[in-house]
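The two complexes that follow have chain A in common; it is paired with chain B in the first and with chain C in the second.
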Partner chain A sequence: MARICEDLLFPLNRPADEEGCHWKGGAVATPAGFTGAYATFTEAGWTALTADPEFGGAGLPKLLGFAMEEMVSAANLSFSTYPLLTAGAVNALARHGSPELRARFLPNMVQGVWSGTMCLTEPQCGTDLGLITTRAAPRDGGSYRIDGTKIFVTSGEHDLTENIIHLVLARLPGAPTGTHGISLFLVPKFLVGDEGAPAERNGVVCSSIEKKMGIQGSSTCVLNFEGAVGYLVGEPNRGVRCMFTMMNDARLGVGMQGLGLAQVAYHNAREYARIRLQGRALRGPAFPEQPADPLIVHPDVRRMLLRTKCMVEGMRALAYWVGYHLDLSEHHPDPAARQEGADLVALMTPIVKAFFTDQGFEAANLCVQIHGGHGYIRETGVEQYVRDSRIAQIWEGTNGVQALDLVGRKLPMHNGRLLRRFFHPVAEFLDAHADDPHLGELVALEAKAFGRLQQATATIAERSLRDPEEAGAVATDYLRLFALTAVGFMWLRMAEKARDRLVEAGALPGKIRGGGSSAGVPAATAIADPAPAIVSERNVAFYQAKLTTARFFFTKVLPETSGLLATIMTGAAPVMALDAADF
Partner chain B sequence: MQTVVLVKQVVDTEAEKRLLPGEWRLDRASVENILNPYDEYAVEAAVQLKEELGGEVTVLSMGPQEAEEAIRKALAMGADRGVLVSDPVLQGSDALATARVLAQVLRGLGFDLVLCGSMSTDAQTGLVPAALGELLDLPVLGAVNRLEVHGGSLKAARQTDEGAIVYECPLPAVVAVAKGINEPRYPSLRGIMGAKKKPLDTKTAADLALELGAVGLGGARTRVHAATSVPPRAAGKTVTEYESPQEGARLLADFLHENKLV
Partner chain C sequence: MARICEDLLFPLNRPADEEGCHWKGGAVATPAGFTGAYATFTEAGWTALTADPEFGGAGLPKLLGFAMEEMVSAANLSFSTYPLLTAGAVNALARHGSPELRARFLPNMVQGVWSGTMCLTEPQCGTDLGLITTRAAPRDGGSYRIDGTKIFVTSGEHDLTENIIHLVLARLPGAPTGTHGISLFLVPKFLVGDEGAPAERNGVVCSSIEKKMGIQGSSTCVLNFEGAVGYLVGEPNRGVRCMFTMMNDARLGVGMQGLGLAQVAYHNAREYARIRLQGRALRGPAFPEQPADPLIVHPDVRRMLLRTKCMVEGMRALAYWVGYHLDLSEHHPDPAARQEGADLVALMTPIVKAFFTDQGFEAANLCVQIHGGHGYIRETGVEQYVRDSRIAQIWEGTNGVQALDLVGRKLPMHNGRLLRRFFHPVAEFLDAHADDPHLGELVALEAKAFGRLQQATATIAERSLRDPEEAGAVATDYLRLFALTAVGFMWLRMAEKARDRLVEAGALPGKIRGGGSSAGVPAATAIADPAPAIVSERNVAFYQAKLTTARFFFTKVLPETSGLLATIMTGAAPVMALDAADF
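Presenting the complex of A and B:
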């Protein structure tokens, strides 16, 4: 996988940005090299990584899928959109499709021979799916006739696969208005004959490719449905719910896009900061024999690098933690543990989506800053990360909508049960480690942030009962406060592991607590500690860097939670006071 | 068609390497290890022959226990089973001593063809195939960039500056393939998962009844006496003074020709 990313996908990233998707002989062509890379990617089986073995998937943990998505997004975000959308469509079909639909479509989609799309957005309808006007009418033989226009359809049309399977939200005749009157339909580009091979062209055509800010290699299409044959997925009028199966997985996947972009931006910035000679270290030349010192000696450059580094590593840990619970939620033998896993995933999904993608953009922006003027010039390639990462904050539900999902749906759900899945392990961990000789100082800083999160949660819960705008006005600040606290929890756990390994190696004084190092984490979340690895010299340096980076996070980043709490406490009034006419 | 591919685990070509102080041997613990990139071409060639003619591909390596990873990589690419010879007494084997060990394993395996890469990226001697041919009394072909097997014989081509030389020889034979004979495949997910379950035998010097004086540091005919780092690259040449753009271009072109870069 790493080789494919390095040798195939990454080298295509810039040329694809220059070339974009374009029309060729009446069809949409992806940038040069994409078809070959896609064939290698799918033939090697990577699209099937986490899919159900019943449909030809490898059935591996979702956690591994997260790791793969980060790598692919870092190498080539445009490319990643094709398999990512297919994976989402596969999940929705696997969960809601009839056995007949699953058997006919899933195996080829799992193998990546056919790709998938999601068609929600219409010109008048974006965030508010209740406004959908695409129509579905029953036809003889149980299928439906679909008419309408969808816009912004990612991989709506391209030359990578022999068939494209659209999942389309549309309205049945006489359906209730709003989101309760929308149903989900499967509309293949080519109708699939009895032999299972694509046959007759269906009534769906791409009428234009959108021109856009970034991800030029990802085709964004306007699709016209005219008498297209569609098949109902799930029950009538329950389409939004079915689509949310797809959206939830896709939201986590979009979070991984943010992480991937942050990672690759960091990588570029770090390398540049080591080779670019400019200015002298404030305490005197670090390399007197050279005309100037490398950028990495400057405190302000280090600030930008460390900020990105600690976010990338903290978010990656959080992603794996959520991925692990996603796997528990699907495979744990005990239904209670499955429910616990599902609760935590539901709670963290808007955080992973919104916070990770905000950080992806910020990391790209800092990367350009570290490159100075050379970052703004196209040649270094890093300005592309700013343009590419930007989309992740918008699609699959804008980040503002994620924040509303967190405060409006996830917090009150089951009387705060979801919240407890996060609060309890954190509280236990903080209790258990308050007097830790190595970590105590960091634990105290996390405890403060956690206290702020608890206070903000209680305040919002109480005020929003009176006035829902109290929640809406502070939702984005709250999501950020939550995310920073969650990343802090991950950093504590990483710091603990690093400390244990360093003690083992004799590089830190002290002894390791008995009973493993996952104290305070409930049974379902404790990952069995592997046999202590031999701590090589290289690893000692790695773990020491972990502790140093942890200290940066807790002292230089986490205190932002204090400002966030302050703005949350001032509530909705300052936001709502200005008359719309006075803007 | 029974093919044995000889593979070696080497340190990552792109990693910064370190020598063990005073020993002139590589500090393997300090870097990541990978399957010797040149051997990937041999594995690919063997797997392609298997796909065409049937049979089995065995991967053979001598090295530390971690070399198992290199063998698994080859198994993930489509080889069927692996043999690892690993024993502390074999440490310090030079090319000849290594060939003696591999020859001993090959005697017990039964094969139609032995494939290997043109050299390893670490020591870069390229001597093992020739030594093996001598020890097993088999024909040896090196730098092969096209390979066909028909019945009991093989046809191999070697590209030179002047043209291609085509050889034919009876099987069994030892063939070292050149980089560029094929494009090694990316291990598929299925291949990677399957590789974990494929058989891999580990053998010691005792299992092979090796004569201990002939292998390891004691059996080595060569000694490394010193090692020096590559001198830092001389500063490049910048063409700054020229009368006309044409002349500037000519100066650049001369430089490229003089240094055989075009």
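Presenting the complex of A and C:
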């Protein structure tokens, strides 16, 4: 994966931004190099990595898929959209499609020979899917006739695959209004004959592509469906539910886009801060023999770098923790453990999507800021990260919608059962480590944040019973408070591991304490710590850097939670009081 | 000004973003319509608005200039750069130029017939002006020969004026190394004969323009000086000081760019939130007869709008307060009052520059977020605000440099005298209004923030005596804490005025209390409140909206200061501890 990202995808990233996609007569050409890179990517088997072996997938853990998505997004966000959308469509189809649809479409999609899309948005409806007007009418033979226009269809048309499989939300005749009258249909670009090869062209045409702020290599299509042949996926009028299978996967994938952008922005900023000579260290020249010191001596530059570094490492840990539970939810032999895994994933999905993408955008901006004026110039290549990362805060449900999902659905679900999947392991860890000689100070700071999260949760739960606006008005602040506390938990666990290794290496006094390191992992499935390897000198520096970065997170980032709690406690009134005419 | 902005500058904004500037054979053509708009702008006298009547200026208050700069920036940020740079050059020349230079160049610059630039940056030096290598050598007749390359010269070449007057930093032979060996030179594009008309072309050529993230209508030039004729401005080796006259004006002007962008982003977001129908109010349909409710019913959309609204109005008040003191500093008959005005302006300049531009960028992003996917599409026009506003956080000294200016220079200056220009009026106001029946609750919240600012100030002052990195590492957080407290002070004063008017109108019980409303204004010059006009029904709604918006600021924005204080108190160690190799 690293070889493909470094040698193939990353070198195409800047040129694709300059070139963009080309629409001509309904066809879309991706930027130079994309078709070859996509062929290599699929032939190496990466689209099949985590897919079900029944359909030709490698069946590897979803956690590995997260790692792959971070890498691909970092190397080339535009490119990543093609396989990402396909993976979401594969999951929705595997879960809700008939055996016949699955057999006919999934193997080629898993191999990446065909790609997938999700067609939701129409000019009059984005978030509000109840306003969809695309129509589906039954035809002889069990298929449907699809008519309507979809916009903002990512990867809706392109030249990377021999067929494109659209998953389309539409209304059956006489369906109820609103979201309960929407059904999901599979509409292939080319109809697929019984032999499984693409045959005649279906009635779906890309009438234009959008000019956008960024992700120029990703085609964003207007698709006109005119008498297109479609196949029902799942039950009639249950399409939004089916689509949400896809959407939830995609939301985690979008979170990984945020992480990937944060990572590549950090990488660029760090390299520039090391080589660009400008000014002198405040305590006096660090490199008197050079005309100036490198940027990295300056406290404010270090602040920006450390902020990104601690977020990237903390979010990556959180992503893997969620990915691990996603795998548990699908493969654990014990149904209770599967449910626990699924609960945690459901709880964390809006947090991963919204917080990671916010941080991706912030990291891209800090990277530009560290570059100064050079960061604003296209040639330098880092302003592209700002433009590219900006979409991730919007698509697959805006980050405001994620926050509403968290407070309005996930928080009250099953009397708070989902919340306990996070609260219990955190509370246990904090209890077990309160007196830890090395970590106690950091534990105390996390305990403060956790206390704020508990207070905010109880307050919102109580107030929103009376008035749903009490939840809606503080949702974004609450999601951020939750996310910071979750990243803090990850940092404590990383700090604990780092401390243990340093003690082993004799680089820290004391003995290794047990407990806590498997927090959140059901006991039956806790992965045994591998036998401690010899801790090399280089590893000592690595683990010490972990502790130093953890310290930055707890002292310089986490205190934001105090203001978040204060704003949450003031409730909905300040937000709702102003008349719409007085804005 | 409103007519020019609405009818002329705003309609050119989007097309100019698409078209950009054109470089050909050393000449730069601005986007279609710019030359005509510039002619109208200058012929109407706007470039002369605040300039010295001695050189043809109208001599109006600088405060009015701020208002103009906000409007022009909101309508067309790219366009605004041409007059803004000229105004800065005019100020530097008026202050430091010889009588002969002033007489020969200023009248045409004030009229906007000629424009001005500042040429500082070179490939190897941005913030660190000590690294400048452009050379100046004396010639017969008192002029100098200038050789070197400058980059990132805004408005360095264009087709709006018949001449361009460059102010160029360069080194005289044998000058000391570092910033104390830099001198300032005036280098006209066309040499100016004794009759005052542009004559032969000088040795300065625009060899290329940059491709940038935004402000496509503003030319960003590489200028090659080869044997160019230049004239010394001010004393030899004092060029950086002279340039800072220009820079300080420009920093306030850049702050107004941030405000202008925040305002126009807010305006767009508000209109879209009123007309876009999507989803239903959480308490139930607000407009059951429509297919969906407008976005503005949703608490999270209101949160984003109110955040921008309270920032725009608070920053505008702060800008006018600073502008008022700038006028005092120049025109008050009492030298002590002039000094007080100058002190406050010097203190607030980095805050206005950095905080306003951060908020401009945030407002642009919130505007995109409210537009959802449509915000990411170029055609909608709001993603341009993100790309355009981004530069304002960088140029005229990055916002990190502003923060260092605040903690490293302004805070310790004259034993904290500058600080007292802000601290004293705030303390007086808070004392006078602690028991105010209408404002007391808001006053208490501001008092908390002010207490945090005082604690942070004392801590930084004490620690940085030992170690300058203690100031540098917390500078950005401190600037933000200061800015939020300053905007809070403005909101208290606006709330007081609104309350007074509402009491007059009988819309609020109670009687008007004196005191406090002229805080920060030297007693001798306090402007008498005009006789209260009859408060119309519409005005009642306006003043009530002010109080509601103030309440949002104090409950939902200002609490951020608690986290800022906490991070400041943890000092420099977490920022400086990590070895450069371990990033």
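By definition in this document, the second predicted complex is superposed on the first by the 568 of 583 C-alpha atoms of A that agree within 3 Å, B and C clash if a C-alpha of one lies under 4 Å from a C-alpha of the other, contacts with A are read in each partner's own complex, and residues count from 1 in each chain.
Just so it is clear, contacts are C-beta pairs under 8 Å (C-beta built on N, C-alpha and C of every residue); 3 or more make two chains touch, one makes a residue touch a chain.
If you're wondering where the values come from, they're calculated on a predicted model, not measured in any experiment.
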Partner touching more residues of chain A, chain B vs chain C, is chain C
Does chain B (first) or chain C (second) touch A:Arg499, or do both, or does neither? neither
Just checking: does A:Gly279 make contact with chain B only, chain C only, both, or neither of them? Give me first, second, both or neither. second
Counting only touches as set out at the top, which of chain B and chain C does A:Lys410 meet: first, second, both, neither? neither
Touching A:Gly372 in the superposition: chain B (first), chain C (second), both, neither? second
Just chain B (first), just chain C (second), both, or neither: which does A:Ser562 touch? second
For A:Ala44, decide between first (touching chain B), second (touching chain C), both and neither. first
Between chain B and chain C, whom does A:His298 touch in the aligned arrangement: first, second, both, or neither? second
Between chain B (first) and chain C (second), which does A:Ala58 come into contact with in this model arrangement: first, second, both, or neither? first
Chain A positions within both the chain B interface and the chain C interface are none
Flag every residue of chain A that touches chain B in the complex, lowest number first. 3-4, 40, 43-46, 48-49, 58, 536-538
Touching chain A in the complex: which residues of chain B? 29-30, 186-190, 193
Chain A partner, complex, touching residues on chain C are 121, 124-128, 130-131, 152, 210-214, 270, 273-274, 277-279, 282-283, 291-292, 294, 296-306, 309, 361, 365, 368-369, 372-379, 383, 386-387, 390-391, 393-395, 398-400, 403-404, 467-469, 471-473, 475-476, 541-542, 544-545, 548-549, 551-552, 555-557, 559-564, 566-567, 570, 572, 574-583
